[in-house]
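Shown next, in structure tokens, is the structure this report addresses.
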Amino acid sequence: MAVVDVLRPGFVQLRVMDMAQSLTHYRDRIGLDVVATGADGRVYLKADDEFDHHSIVLRPADTAGMDVCAFKVLDDAALDRLTDRLHAHGVVTQAIPAGEQLGVGRRVRFTAPTGHVFDLYADIERAPAGPMTDNPHVWRHEPRGMAPIRFDHVLLYGDDIDGAADLFTQCLGFRRVEEVETPDGTVLATFLSCSTKSHDIAFVRHAEKGKFHHCSFLLEDWNAIGRAADLMTRYEIPIDIGPTRHGISRGRTIYFFDPSGNRNEVFAGSYDHYPDHPRRVWSADQVGRAIFYYEGELNDRFMGVVT
Amino acid sequence: MAVVDVLRPGFVQLRVMDMAQSLTHYRDRIGLDVVATGADGRVYLKADDEFDHHSIVLRPADTAGMDVCAFKVLDDAALDRLTDRLHAHGVVTQAIPAGEQLGVGRRVRFTAPTGHVFDLYADIERAPAGPMTDNPHVWRHEPRGMAPIRFDHVLLYGDDIDGAADLFTQCLGFRRVEEVETPDGTVLATFLSCSTKSHDIAFVRHAEKGKFHHCSFLLEDWNAIGRAADLMTRYEIPIDIGPTRHGISRGRTIYFFDPSGNRNEVFAGSYDHYPDHPRRVWSADQVGRAIFYYEGELNDRFMGVVT
Amino acid sequence: MAVVDVLRPGFVQLRVMDMAQSLTHYRDRIGLDVVATGADGRVYLKADDEFDHHSIVLRPADTAGMDVCAFKVLDDAALDRLTDRLHAHGVVTQAIPAGEQLGVGRRVRFTAPTGHVFDLYADIERAPAGPMTDNPHVWRHEPRGMAPIRFDHVLLYGDDIDGAADLFTQCLGFRRVEEVETPDGTVLATFLSCSTKSHDIAFVRHAEKGKFHHCSFLLEDWNAIGRAADLMTRYEIPIDIGPTRHGISRGRTIYFFDPSGNRNEVFAGSYDHYPDHPRRVWSADQVGRAIFYYEGELNDRFMGVVT
Amino acid sequence: MAVVDVLRPGFVQLRVMDMAQSLTHYRDRIGLDVVATGADGRVYLKADDEFDHHSIVLRPADTAGMDVCAFKVLDDAALDRLTDRLHAHGVVTQAIPAGEQLGVGRRVRFTAPTGHVFDLYADIERAPAGPMTDNPHVWRHEPRGMAPIRFDHVLLYGDDIDGAADLFTQCLGFRRVEEVETPDGTVLATFLSCSTKSHDIAFVRHAEKGKFHHCSFLLEDWNAIGRAADLMTRYEIPIDIGPTRHGISRGRTIYFFDPSGNRNEVFAGSYDHYPDHPRRVWSADQVGRAIFYYEGELNDRFMGVVT
């Protein structure tokens, strides 16, 4: 994995329209911990097994959607290297000063060809109660709600996904792991990894720029997915689809919605991808099975409902 | 993960004393596929979800134990870089020509300060029936036996584990993920990762050089561990300990023995480790819980039985 | 449980249109064992954990559907008592002599008010390779396919389900465990138990007499349901719906079809019902959630596709 | 199941030496709900999925152990029938008036030949928040702790287990499901069922009368057993053995101790037993595997530590 500077998706900032309902959803139902609340009303949360200060930021707003997805990079030198590569690729970057988010150092911001805003950052404080490291127990606090392990990835909809995939692979060291292609070679969906995960980010081709499909939380296994489905039904959280499995990534999954209409996913059971593994390719006529392996067809919401 | 050239443990060559019994064990019970048998009697096997030609080599011999553990590296240039770093570290290397094992290219061999033999290699043929890549199903062949996903890691016993850890971290890009330490700072056990796995190799301090504790197979989850325990009991495979959990790595585990007395492990449910994560440290007086989290104490065999 | 003479659904005889395809389905995919084949072409199968000679009979025919569902009763005296009660209830019975099915003793046949044919019998041979009883292992043969534990129940569609429920409760000792009711008290669906199962048989109100909705196989847990879904998709077995959960019975479930169009179910995770437990009642406007707990609505096939 | 009047083990009253610690154990760790506290200091608890007022009674005392195990019977007439049968068997009974325990009607008490005290009762109030019955959700309150489904059974140690088994089978309608026998036919352990459970009570031969080995809580599956093991370790609850599996009953299990030294069990994954099923028999030389299927041998505590 020579010179891989991007570690992982570090946090995503989502717009929510009712903070009280959103906290019930993300804190009590999904089971994230609230780490801090900013003077500007933003609430910072993290999953039990994450070391960093936060991985989800909820911003009070009048519309739903994603403000920014940010990737943590190896160190400050890596941040500089990556910035140089973005510039060499013709990408304009913007400096976000340390402190714009609680606990986060300087960030380098750019807009992908799909219209989505991304940040890179190397410095973030440790969360006050992250995983134990001294004679550690498997968890510090008994898991609750859906028992999320971490914020895992986002899937985004936009027009120029070819440009986005080029940027992520050529500048940021991502690899194309799975893709859906038409017979003429048009890529309809691309799943990209900067680690051994099957995907750290994914793009689906869509007429409009800058749309948010879902952010995903890693659960332990299929059993946890089943428990999450019970919890969603009990608490009347709208389920989009699932429990089911993706063909792409093999991930066990449920798609569901937060109170603002942002789609969430709980996800488990994907494979590990190494740089020497071949790309997996789905033909467009198999896209149903690619997305929903058991159903074999898309539901209407998959293509139409984004924020 | 700047400049990480080693991808993963690629294969291990084990000595077995009765090939027919060994095949029943590794093929029918663990559930590996036999890929090929060499003219010299060595049998090459792989797990269902592995792309490479093989990950386990069984060599007919009069004694049990491990001949060599080999790491796959990114490419031929990485192999050269790693060789140079070994030489700069004062390590003598030996060239193993392509073809010494079926399907494997040139290897660079060295002996670690613990007396264990390791190989590095960049080239290996693809297995004839690896994971599907074109509109792929979750598996090509219905999993059988313990349904192993991959050969995962080895744990080795030797004297100079400080030297081994230095070699792996300074030359090969591994990170110290978890360690057991005495109050005076002596490391009793070190778990090292070259990826996002909690460990790709581990060493335990031991009076004698070059001993083999176990090779481990990744299973899907705790449920698969339970099924494996049934299968072991039904077919009278000697269980060392488990199903239980490790404190170190959090892995769900069973230790058991092959017909020659080599220890195997089935393993699931560990965490992901990133380069920015802190090292986890266990104090020597907690070594029981570190190794067997539920029991809280070592069994006699853990320290004494190695091949 | 005073005077409960009916033990359980013992077997179901299904009509299938292509025996070779049906054997692939029931033997290789579901994982039943073929016990015997009759001179008339009927094939007798059983699940691994069943003591009796068979629980599924496949009869070659030109149309799909259920010939008969048969209940095993405690002993010959119970068979006489039950027959008397049927007669007192005004039900006509027919004697089926021993041997009409391989291994099965005399049966008492009757037609329920819904038009379905049922048998009662006390005597059936033991299967040659049933569960071990002498220092028994958890299984004799390694489970395969969907690893069914037993034939569990049938769900039937018919017009006079009130009459059927009266017959089963008043003559045969069944209890009403869960029911769907309209505001005027009309029962749309009734789930009846003669044991501690949540249901041993169920009826859904339907315009036509004598239709078969599904026969169900018990699996171990939600994990087994997930594995079954993989297997169905891999082998292109048509999935009706699932993996999901029923509100009624809480059972984790997948509905799928055999090659003749008969619906099967794999089922796990229901509750135990005792005679002192209250009846659970669903209002008609909640029927979606009653049937498919996560989806909250019926699919078109649930009401329309029967054999 | 002709004339089975006993429904199930309804409750057990245990002696505990520190109520605050005991409540932490039974309420917060196991996850039972406290229903009521009596004027005499007894605390009444139940599992989430139980309809009756309580299933566990903790009595403050100076020593640990079991006061009484009580069986719920079908109705008042059944209580009279069972009393008559006890008297005909030469058993002395004692009337315990309604109200001696909160919510419980009259009880009929007797002492078994093993010295253990048992009650029979038909009437008990419903718990204020039992399982939902009107458009029911899978649970009313999100399960917590070890997520117990119900109090399942007790295992008792005593001298005259032949007499006890005769009493339970001849007077109370229990069946011998599994037994451990010496070559001369001496029964060392007997597992008895009054339902379709593999056992509703069990006795092990022991020099001393009236000892308590464990009371058992049903969990959903092997996954829940694994989560319970994590919780026990995290909260330093002493584990006796497990997670493992019993040969007898096939139950997945952990034995652990409450703060007074009473042994508890969490249990899942046993089989259903019907009256027409054969008895399973273990030979005394296989008792290790009978009790601890994976380990194949008893630990010292199994025979020696009782309260």
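Order of writing sets the labels: A, B, C and D. Residues in every chain begin at 1.
Here is the rule we use: a residue touches a chain if its C-beta (ideal position, glycine included) is under 8 Å from a C-beta of that chain, and two chains touch if they have at least 3 such contacts.
Keep in mind that what you see is a predicted model, and the values were worked out from it rather than measured.
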| item | value |
| --- | --- |
| Selected pair, greater C-beta contact count between B-C and A-B | A-B |
| Greatest separation from chain A - chain, by CA centre | D |
| Inter-centroid spacing, chain B versus chain A (mean Cα positions, whole Å) | 31 |
| Centroid spacing, where centroids are CA-atom means, of chain B and chain C in whole angstrom | 47 |
| Junction residues of chain C, two or more chains touched | 137-138, 221-223, 230, 233, 245, 289, 293 |
| Chain B to chain A touching residues, read off their complex | 1-5, 7-8, 49, 51, 72, 74, 78, 131-136, 138, 149, 195-197, 220-223, 245, 247, 250, 269, 271, 274-283, 286, 289-290, 293 |
| Chain C to chain A touching residues, read off their complex | 222-223, 226, 229-230, 232-233, 239, 242-245, 252, 289, 293-296 |
| Chain B-touching residues of chain C, taken from the complex the two chains share | 137-139, 142, 221, 223, 230-231, 233-234 |
